[in-house]
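Next come the structures, one after another.
You will see chain A twice below: alongside chain B first, and alongside chain C after that.
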Partner chain A sequence: MLGVAAIVLIALVAVVAPFFLAHAASAFDVLQANQNPSREHLLGTDQLGRDLLTRIIVATRLSVGLALAATAIGAGIGVPLGAITAVLPQRPRMVVQRAIDSLLAFPAIIVAIFVGAIIGPGALGATLGVGISLSFAFARVASTLALSIGGREYVVAARVVGVNAARRFLRYILPNIAETMIIQTTVAVSNSIVFVSALSFLGLGVQAPQFDWGRMLTEGVQAFYLTPAAALGPAVAIAISALAFGFAGEAMARAMNPLLWGSGELAPVERASATSLGPMPELQVARPRLLATNGSNGHAEGPPAHPALEVEDLYVTFPSAGGQVDVVAGVSFTVAKGETLGIVGESGSGKTMTAMAIAQLTPYPGTVKGTIRLDGQALSELSAGQLNKFLSIDLAVVFQDPMSSLNPALKIGTQLTEGAEVHRGLSHKQATQTAVARLREVNIPTPERQLQRHPHEFSGGMRQRAMIAMGLMNNPALLIADEPTTALDVTIQAQIMDLLARINVDHEAAIVFISHNLALVRQSCHRVVVMYAGRIVEEIPSDRLLIDPLHPYTRALIAAVPDMLRSPDEPLAYIPGSAPDLADLPSGCPFHPRCPLAVDKCRSRRPPLEERATGRRVACWVANEDVD
Partner chain B sequence: MIALEAKGLRVRYGEGSNALTAVDGVDLAVPKGGTLGLVGESGCGKSTIARALVGLVPVVGGTITLEGVDVTRQRARDAAAYRRQVQMIFQDPYSSLNPRMTVGQLMGEALALRGLTARNGAERRREGLRIMGLVGLSASAFPRYPHQFSGGQRQRIAIARALAVGPEVVVTDEVTSALDVSVQATILNLLKNLQRELGLSLLFISHDLSVVRLMSDRVAVMYLGRVVEQATSAELFSEPRHPYTKALMSSIPSFAAERRPAPLTGDLPDPRNPPRGCRFHTRCPIGPLAHPERTICVETDPNDLVASQHAACHFADLRPAAARTAAAGADAPALG
Partner chain C sequence: MAVIATARPGGPPSLVARISRNPWTGFLFRRLVSLAIILLALAFATFSMVRLIPGDPALNIAGIGATPEQLDAIHHQLGIDQPLLVQLVTYFTNLLHGDLGSSFVTKQPVTEVIQTRISNSLQLAGASLLLVMLVSIPGGMLAGAITREGRHPRGEVAFTALTSIIGALPEYLMATFLAFLFAVEIRLLPVAGAEGPQSLVLPALAVSLRPIAVLLRIVRVETLNVLAQDYIRTARSKRLPQRLIYLRHTLPNVVTAALTVGGILFAALIGSAVVVETVFARPGLGTSLVNAVLARDYPVIQGDVLVLGVTVVVVNAIVDILLAAVDPRSLTRKG
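Right, the complex of A and B next:
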């Protein structure tokens, strides 16, 4: 806003001032020459006794006007030249790009001086010179932007629909580079104010008796030791207007971007008949073999003294335009040693944020409330140093995209051994031996050699295995795997799931497995927690998941899975409506607007998560009243 | 009746030693009014086939015909008439709609290509509304920008726009991979309904066998630029013949059974330098890895076998399902 206000002021001065002050600006009085600032002359006078402030104000029109003209020339030539490359065939595109690159190699001010010298000293030469020199930079930026837009799916989609090149250029490329080009243009205005002034300063630009800030600067510098204000005044004018254009550019770009206009509420329009949930499809269900069938510390005999992980009343809160939003709201669960707990839910259900909070990785500006205990130890009671050590030894996290969590600049070996050396005081040799053993454990062939390689030399499946190996370096008590196979092919996914199952047994690590894939979670976990709108709506042993899910959301999710058991001829059930807006949750049960079983109570009161049996909880008035 | 057909299709990216033959001699036929499912893992060339069929990449070999008319030349698939007949829907509805155009503008643009320009505005609006109705959206969507919709609604808009030009063949490339499972269900149902109502011919591309199974009449399974098995959906899912198809099927997490151990070891070979002979032999559970005497897999390319036995495999399991079950039963005691 400040920038826009400054521009408006500058524009006003540029338009209006010369009408009133032109005469005063050129009225000379030799007796008053080279005065320092005084009450009559706030910035002093020049060598002919003219008032400097008045001259600076009057010079605004010419200085800014020439800069604008130069920028217009630069953008007018450069943007179309650059942007057109996005719709040109390959050969002509290469030619244009090479030409732009070569011209860009010449420093702008040299080009400006060169063009100015050919056309001759004066305002026209300076303007053209600066304009042409700026056009190369415009063309380069426009070309880079346009090519990146040109590769976007929506431009490709338009081509498939049959939209011709001219229209793709005008409606797809230009509007989508406009925002950045506007910032670029206003920055260029500031540049060209400086460039034009510089040319005038060098005597190539505006000639007497005309005057702009650059010309005044020349004269001021000559008298610098007598009256410093004579040089500083125009310099400040140049700086302020250059900054003003920079700020204003960003403000304009923001205002033009529809993505920042805030999304209007749109009531979802669905096709009339929603397939009702009805009775569960008759699936022939085999009992899942649990990952770890170790009887000694299994969950079957009730929770041991210290579960590997206890989460109590966890809240994760993010600020938003409408106030605080709880993306995780009061989540509690435990995971026993050697147990695998699955967390399922759709996007926005809070499953990833729950995992991030446990791993102390909640992104800024989120805040976490609630108690997290690893092996009986509340994390909030640890000092920062203890916490750091605790997290790096006892906890391992595997993310969906292994590339984003491996450092591309470091060798795999370094990344594996670092933590063990720092936190467990192992020697480099010991740490390397452990790393080799772990890589072998996750089925990476010739581990000694792999230690010397960088992450980009690994395939996706190898990277994910390396991530898991890294997590296992210090025998963690808890492994959090957040969609660890979602980015991988199914045959690789099967390998990674084998690996997780083995870790669960061999290392007795507790695993929290987060996924959107119900079938995968059911096959791989002992217990399943279903989340909706930041809350647990149901907890159920995985061998009961298909037999008697109680929450209507769980049942709906199961019915929507296009499972291989389903008859391909009947339509999939789906959940009417869309996922709730966390900033504006429905009253009562957050699922009630989409629930086929909802009664009045569901609309007014939020159902508590009631324990029905060991490892069975459900938050639904209807389901829980069945038993009452 | 075949709507869109490719024979011996080859597509290559790049040149020289860096060249990648992404699609290498593929035969496909999209049945008229029916669905051909195309399934395979990343890098198998399925998306490249989609792009070649809609004219986004040129082909270096083979032929493409639409309703019997040869459209192999790039120019033929660039032509407006072809574009009106063959449309494509992309994976990510967040990136396949121009963020700077309202839904009304997007629809108007597509309808204009069918001759419904602003001059016959009333008719254009009526047609726009009819198509929006088909995908379950209303006129209230017209003044809005794509980012104001949920993922599922955006995918409906993308479908509506593809339908607006009045295509007969629609290529869908991973259209539900970016969506939640409950939303995926609505889009799959929608596509099936649209196919029934409009008689569309679909090429349905996905990495997910269970989705392909729901959608397809015929299914082609791809591996490293080749079709390794092609059959009717019923046949393929009840009697898979190629070991890769079997591996895919047992890798899919299903409600049916407990998780089986991973059927394949190792990763996908470098597609720039595919294995000699059978491209699957480096990972195949019935190939030279398990049976060193099966050298034919390394020496002879089984690509031609798809035509005769549905599966490009020298040791394809050609017994009918019943025989296989009996054999398994007979084997069981011996194994025990």
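Right, the complex of A and C next:
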């Protein structure tokens, strides 16, 4: 906005000022030469006693005018040159494009000086020089635009239905390239002002007695010690006009394409219900609500005296526009040593957030409350340094997408060994030996060779196996696998699942397996926790999952699993309604709007998670009433 | 060549095969071919320059009052009294022998002019590049780490405003402001000449401030992008110290992007150096070029443009090769 206003003002001055002030600008008075700013001469005078401010204002027309002329020349040469690539055959097009790219690599100012040298020093040479140096950028943009728009479906469709070329250009192509060309032109004017003034400044542009800002700058610099304002005045004029056009162009670009031109700021977490992991995890130390009676291990009741993982009353909270949103709300469960626990639910159910909270990888600005005990050790009792060491050894995470979860710039070997070197103090040699053993364990052939390779040389299945090998480096007590097979082929899926099962036995590692794939979870887990809207709604041993699921949501999930044996005519089962908005949860049981069995009580009161037997819990008024 | 020569017939049979199968071979070959083409085009452009001058260039040099004998002498010196093809062959032959002609003004061989001045220009460009990289990469990464995921929004606004203003100020204005500050106000550093390392400070600052601002913004955004990648989450899941997360896992991926832009910035930096040399009266290729254009000293213009152009082209080629070394995936990419 400011940029546009400044442009209008500059244009006005350029058009109007010379009519009134041209005479005053050349009126010299040698007695008043080289004066510093005073009330009479706001910026002082030059070596011939001419008023500097008047001269700067009058010079606006020539400075901006030459810049506009240079921009017109640049566009006039560049746009046709670039647009022509759209109609050229493949090979000549490549040649022209490569030529444009090569020319773009040369500094514009040197190109302008070179052209100016041919024409000879003067306003014409400078304008032509700057125009030609700008034409390459115009050609590049025009070529990109023409190629992308000319090939778009609606333009092709228009041609197919017989819209003629001229009409196609006016109706379909021009409106689409106009925006970008306006932006490009505004930025080019900004550059033009700078370059033309630079050439004048160097003495290669406007020659006396004519004067533009660049020329005035040169004269001002010669009188630097006497009257600094003589140089600073034109310098500021150049800077302001260049900034005005530059900012106006950038503002237009930003308004038209916020994604491409945004300064990179990431959108704030508006709806924390987007539980799929946010952009970046952040190390966060849990601040537990200490439950006084359950503080130490001795009192802990339940099956194993020393489970691999105990989660108690876990909350993960994100700020949002309407206040704080709990994406995980009071989740408690345990995983025994050597056990595999599955966590299932729709996207947004909080399953991944639960896992990330356990791994202390909750993304910013989320906060975690509750007690997490890993291998008997409450994480909150550790200092930051102890926590890092403890987690690095006792916990490993295998992420969903092996294609993006390994660093493309580092060798597999480095990525496998670094954790053990840092936290267990192994020498590089020892760590490498362990890495070789682990890679062999996950069936990667010639492990010594693979350590020297980069992730892009690995297939998807191999990368996920390398990720698992990385997780096994320190013999963790717990392995969290967050949808480890979702991004892989079905055949590779089976291999990875077999591998996890073997690790479960061989390393006695507990595994928390997160998935939306109920069939996979039933096959590979001992116990299943079903989550809905940030809460556990049912916990069930996986061998009972198909026999007597209690919660209507669990049943709906099971019914929604596609079945090869189902007749193709039968409609696919699905759960009516959509996952709830965590910022605005329904009253009572959060599932009630989608539940076929809902009764009045479900709408008003939230059902507690009741323990029905060891490893069997359900949060449902109807299901629990059946038994009572 | 040297590597291939060591592949004796009785030696390991795979050496030649290994070289031809190595992705670097094709990559370097493609790079060298395009480098050669661009250099040829550059030489052709400087050759064409004198021939493209409207009217008789000799008149520009000797003035309107020149006698036909004087004009003929200049024609001969410029080589434009020969048929065009002969001119072209002579020009390229001389070029290959390192003969760029002699200055009309000082009668000095152009190669000598370039030799005495190139080191001043290289020092300026090199110091500026070093300054740009040393400030922008750590600075941009720090800014990225501080403002990641919307942390410190006000700091981000201030950063963006400051860098956009500095990034929009051309080098000669920067030079003028610096000269004003140090010549008139502080008088701490020399504002003219090329005596000693202190004379390098102001020109290098003037040349590099703008690219520093531009690159700072790019590096910050790139750092944000890299920090949001899954592999950084993986690194954090390994509980690596911040030092390793930033230096080992983030830096190489950020540098790739910084280098891509760095090549373009360095070319622009050479252009800036030409202008800034004139402001600070530093005897380099830039001042030589500007004076030659003013004096219509065509052989010197040709020589200076050729040297500046070759520098740009070679630097771009080096950046490409560096990029390939940092990011092996770009080896197989076309372009």
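General remarks:
FYI, the second predicted complex is superposed on the first by the 320 of 628 C-alpha atoms of A that agree within 3 Å, B and C clash if a C-alpha of one lies under 4 Å from a C-alpha of the other, contacts with A are read in each partner's own complex, and residues count from 1 in each chain.
The criterion applied here is as follows: a contact is a pair of C-beta atoms (placed from the backbone, for glycine too) under 8 Å apart; a residue touches a chain by one contact, two chains touch by 3 or more.
Since this is a predicted model, take the numbers as computed values, not measurements.
Using the contact criterion defined above for the overlaid structures, shared-chain residue A:H423 touches chain C, although it does not reach chain B. In the superposition on chain A, A:D584 makes contact with neither chain B nor chain C.
In the superposed pair of complexes, A:R152 makes contact with chain B only, with no contact to chain C. By the touch criterion defined above, A:N517 lies against chain B but remains apart from chain C after alignment on the C-alpha atoms of chain A.
In the superposition on chain A, A:I109 contacts chain C only, with no contact to chain B.
Chain A residues in contact with chain B (one complex) as well as with chain C (other complex) are 263-264, 266, 268, 283.
Partner chain A is touched in their complex by these residues of chain C: 34, 38, 41, 45, 49, 52-54, 60, 147-151, 153, 156, 160, 164-165, 168-170, 172-173, 176-177, 179-180, 183-184, 217, 220-221, 224-225, 227-241, 244, 248-249, 252-253, 256, 263-264, 267-272, 274-275, 278-279, 289-290, 292-294, 296, 298, 301, 305, 308-309, 312-313, 316, 326-329.
Residues of chain A that touch chain B in their complex: 152-163, 167, 171-172, 175-176, 258-259, 263-264, 266-271, 275, 283-289, 346-347, 443, 459, 461-462, 489-495, 497-498, 501, 516-520, 522-524, 546, 556-558, 560-566, 568, 571-575, 578-579. Looking at the complex, you find that chain B touches chain A at residues 41-42, 54-56, 80, 83-84, 87-88, 90-92, 95-101, 105, 109-110, 113, 136-138, 140-141, 144-145, 147-150, 152-153, 158, 161-162, 164-165, 180-186, 188-190, 192, 207-211, 213-214, 233, 237, 247-265, 267-268. Residues of chain A that touch chain C in their complex: 98, 102, 105-110, 113-114, 116-121, 190, 194, 197-198, 201-204, 217, 221, 224-225, 228, 231-232, 235, 238-239, 242-243, 246-247, 250, 263-266, 268, 277-283, 359, 361, 363-365, 387-389, 391-392, 396-397, 399, 401, 404-410, 414-415, 418-419, 422-423, 454, 456, 467, 470.
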